[in-house]
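You will see two complexes here that share chain A, one where it goes with chain B and one where it goes with chain C.
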Partner chain A sequence: MNGRGQIILGIVIVAAALAAPLVFPDFRAQIAMLWVMVLFALTWDILGGQTGYNTFGNILFFGTGMYAAAVFQRDGGFDYFPGLFIGMGLGALISVALAAILGSMILRMRGHYFAIATLGLGIAAGEIASGWDYIGAGSGMSPPLFPGAPGISYIFFGYLFFGLALITFLLLAWVYRTRFGLALNAIRDNEDKAEAMGLKTDTYKIAAWMLAALFLGLCGGAAGNMLGFIDPRDTAFAGATFGVWMVLMAILGGKGTLWGPVLGAFVFHVTQEILWTHLLGWQRVALGLIIVGIVVFFPQGILGWARTRWPERFGHRVETS
Partner chain B sequence: MTDQLVITGVSKRFGGIVANESISLSVPQGSITGMIGPNGSGKTTLFNSIVGHHPVDGGSITFEGREITRLRVPQIARLGMIRTFQQTRIFGKMTCMQNMAISDADHGYGLMALLKPVSGETRDRSEALLEFCGLHSKRHLLAGDLSFGQQKLLEFAMALMIRPRMLLLDEPTAGINPTLINGLIERLIRVNQDLGITLFVIEHNMRVIMNMAENIHCLAYGKLLASGAPDDIRNDQRVIDAYLGGH
Partner chain C sequence: MLDNLQLFVDAPFLLIQVLLDGILFGAIFAIAAYGMALVWGVMNVINIVQGEFVMLGGFITFQLTLWGIHPLFGIPVAAAVLFVIGIALYYGVIRRVVDKDMFISLLATFGLSILLQQLMNQIWGGDVRTAQSGLGTWFLFDYTVTVGQIKVVACVGALILGLILIVFLKKSRLGQAIRATAQNPRAARVLGINTDKVFAATYGINAALCGAAGSLVVMAYSVHPYIGLPYTVRSFMIVIVAGLGNLPGVILAGLGLGAAENFAAFILGAQFQVAFVFCLLIVILVVRNTLLRRKRKYLK
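== the complex of A and B ==
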């Protein structure tokens, strides 16, 4: 896709996104959740796709942001909106710090070892949260009630998540075009070679994870408020659902591409909602089949498949000049 | 000529196997220096020790007068000593131009320096070097889609992009067809003469190394067997017995 095509597509999506909650009032909650999914996939892909470090622990930052915001709203003594925004910022800050500290410890591990270590992170966080009285332990937390009519909250959060997703997307679009983006790709393709060329691979990996943590932290803080209830294992540190979905969506759309995670999130979320509606009771089974199908038949994802099929359209051509 | 790389009594063991035993040799500034020896004689291990891939068990290594024995791979690379690999290593899912762009060291390696789009100057230099290596028409292809020989040339071009002061080349002609080999030798010599880059080359192709190198070190069983000019090495009875064969 060329630059102009991308801009036109972007404008169409932005216009549709702005109109959607007003045109489809019945689907406001799902539309808001769609942008959360886009955020999940985009942030996962920074390390998982672009850098080739499969992480199952990004849910840690989502949950941390969720709890941090809720605690600040509870104890901070601010009105709803200042409390929410400062709480989100605080959650993002803690998430970024966590990414820096944990990253400097486990991002030196490679391949499967790193993946397993991150899997442990999400589970450990869930266990800690469900045993810690200060944040409600196993019975969870309830963020303050949204001021205004019940339906309005989904409009507000829908636009908030859309704004966050848009900022994340634009920032990543820029980052992936810088030499930092190339450095991440170089680590993905051959980390030993990247080191042999003098690149500071550890620094870049940690920075990439911190970037993901920043937006997941912000997203988590708002998501707790939208959902209205924080459960340590089912909403905050929901590794078996959100944690796996963020990986799947990125893979489905085409990991390591800019648009892939967005596309993957759309396809996945819509499919999943349809399954909930039409296959109630069997939705988990159907979802499982879809997961297997994606991994077996679309290991490169939709965009990855398209790139292999039409390499010239992605600019990979021999030039005879 | 001053010695750019000085290796003094370097030893490396892997468990009970002695890969390098007290090896001392030096590589003069601006030279083409060869290293030969039978398979398993410790040539690549010595390269790995030099570039900081693994810690050595004894001895010391200095590069341009600076002690580098305990430095790690990226630190040594940033000093201007770059190695290429026997099994070619390139960034396969990136285009040739991207491979070149990330190899550019002119802007430094800091995060802030990297957070900038690829500059026009970098692009121009990439194109010039790809042209030099005969890959210009393939510059927008994914590096992984190139043939093995072309990947070797790309790796060589990437190494040049860093503006290195010394290149450690591990079997640059292995697996390349004879026509390409001649072109590669020509380029290696030009790089050495025009850009003044020191070359330290592991090579099994005797025709190549004897013609190119000014001096050659021969390893066998992890020890330095002989050092000298190509003709001396060719006629050295120990080298003939251990490596070249008596016929």
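== the complex of A and C ==
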């Protein structure tokens, strides 16, 4: 896709996204969730796709943001909107700090050891949250009610998440073109060589994780308020749903590309919303099947497949004899 | 928390009780861990579905008790059923990811673990299940320490299974083929070993071991569709600490982990036991990585 095509596509998507909650009032909740999914996939891809460090534990930052915002709203004594925004900021701050501290320990591991350590992080966080009385332990927390009519909250949060996703996307589009993005790709392609070239690989990896944590923390703070209830294992640190979906959406769309995670999130979320209602009780069985299917038979993702199918459209020269 | 520590001072026999319970529990971890080490060493796959195999073995034994069969017969039955499931999963899924990037196999087995979890949830429901073995309890030290006989049976059973496995790997033709493949798959192929079949057998044996462990778990403790992952993580930790192909190390690490976990659960409260397992995982990985880094080696 060339530059102008991308810009036109971008404008079309922005226009459609702005109009969507007004045109389809029945699907406001699903549309808002769609932008959360896009955020999930985009932030996962920073480390998972671009840097080649596959994490299972990014859900940690989402849940941390969720709890931090809810606790601040409960104890901060602010009105709803100032409380929400300061809470989101606080959640993001804590998430970024966590990413820096934990990252400096576990990002020094390579490959699958890192993946398993992050898997442990996500689940440990959920277990600790469900045993900690200050944040409601196993019975969870309820963020304050959204002021205004019931339907309005989804419009507000829908636009909020869309704004966040748009900012994330544009920022990443810029970051991936800078030296920083190139360094991440170098780490993915061959970390030892990157290090030998003088790149401080640990610093780059930690910074990339902090970037993911920033947006996941913001997203989590608002998501807790939109969902209206925070369960430690099923919403905040939901490793078996949100945590896996992140990975799955990025891989489905094509990891390591800018548009891949967005595309994957769209395809996955729409399929899921259509299928889920027909699969009463069997949704998660289907999820397991989908994971295995995608990973085993379609690991290159939609964009990866398209790139090998039509290389010229992605700017690769093909020699024909 | 400090009150719980004070209890140890007031009643020293509690120390023995907690330690004994932990060690008996740990023996079961060791079996699942040995299966994981086998698959990891031979196929270079980290099998996240390990814990779900354990749970499935437990549920199969539970199902037998519903049909009026004594749960001790569940050990061979669960092992046999799981062997078949393991072979089927190998030919269906694992075979296609063995030679790929390790993350692909990690994610594929993670998907399998979600699939099995949810299938078990659909079949047996989300309740905690146990199978009554009808064995009694021993009382030691003037009735201050109690030991469920079934826990001792489970521990001894675990050790026997480990022994059978060692003999099998050392003496039998297939066991030798498995060890040869672990050392060098290409050389093994050159010498006429069908490595595909060896992989299938390895994966099946691992599943069978987990199934047997599961039926010990359901008799001595309890099973639930969603507590498989802690067993996977325990196996992983034990293998990391003991190293691949070191059975005495695996058993020792298993017993140690069981004891550590039981003490943590006693002191911090049972609701933090699983959290402790996962935090310990991270601590072990970080410590090991720092140690390796000092020698300019990486965890690879």
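Here are some notes:
In this text, the second predicted complex is superposed on the first by the 317 of 321 C-alpha atoms of A that agree within 3 Å, B and C clash if a C-alpha of one lies under 4 Å from a C-alpha of the other, contacts with A are read in each partner's own complex, and residues count from 1 in each chain.
Just so it is clear, a residue touches a chain if its C-beta (ideal position, glycine included) is under 8 Å from a C-beta of that chain, and two chains touch if they have at least 3 such contacts.
Everything quoted here is computed from the prediction, not taken from an experiment.
With the C-alpha superposition on chain A as described, chain C and chain B fit side by side in the combined arrangement. Of the two partner chains, neither chain B nor chain C is touched by A:86. Within the superposed three-chain model, A:117 lies in touch with chain C and out of touch with chain B [touch as defined at top].
Contacts of A:166 after superposition: neither chain B nor chain C is touched. In the superposed model, A:267 lies in contact with neither chain B nor chain C. When the two structures are aligned on the shared chain, A:128 is found in touch with chain C, with no touch to chain B. Within the superposed three-chain model, A:54 lies in touch with chain C and out of touch with chain B [touch as defined at top]. Centres of mass aside, this uses C-alpha centres: at chain A, the angle toward chain B and chain C in the superposed model is 80 degrees, to the nearest 10. Overlay on chain A (Cα): least separation between chain B and chain C is 5 Å. Those residues of chain C that touch chain A in the complex are listed here as 46, 93, 96-97, 100, 102-104, 106-108, 110-119, 121-122, 229, 233, 236, 269, 271-272, 274-275, 278-279, 281-282, 285-286, 289, 293, 298-300. Those residues of chain B whose C-beta lies close enough to touch chain A in the complex are 51, 72-74, 77-78, 82-83, 85, 89-95, 98, 101-105, 107, 109-111, 113-118, 136-142, 144-145, 158, 162. On the side of chain A, the complex with chain B involves touching residues 175, 177-180, 182-183, 185-186, 188-190, 192-201, 203-204, 207, 256, 311, 315-321. The touching residues of chain A, counted against chain C in their complex, run 54, 56, 105-106, 108-113, 115-117, 119-121, 123-124, 127-128, 130-131, 137-138, 240, 244, 247, 251, 281-282, 284-285, 287-292, 295-297, 299.
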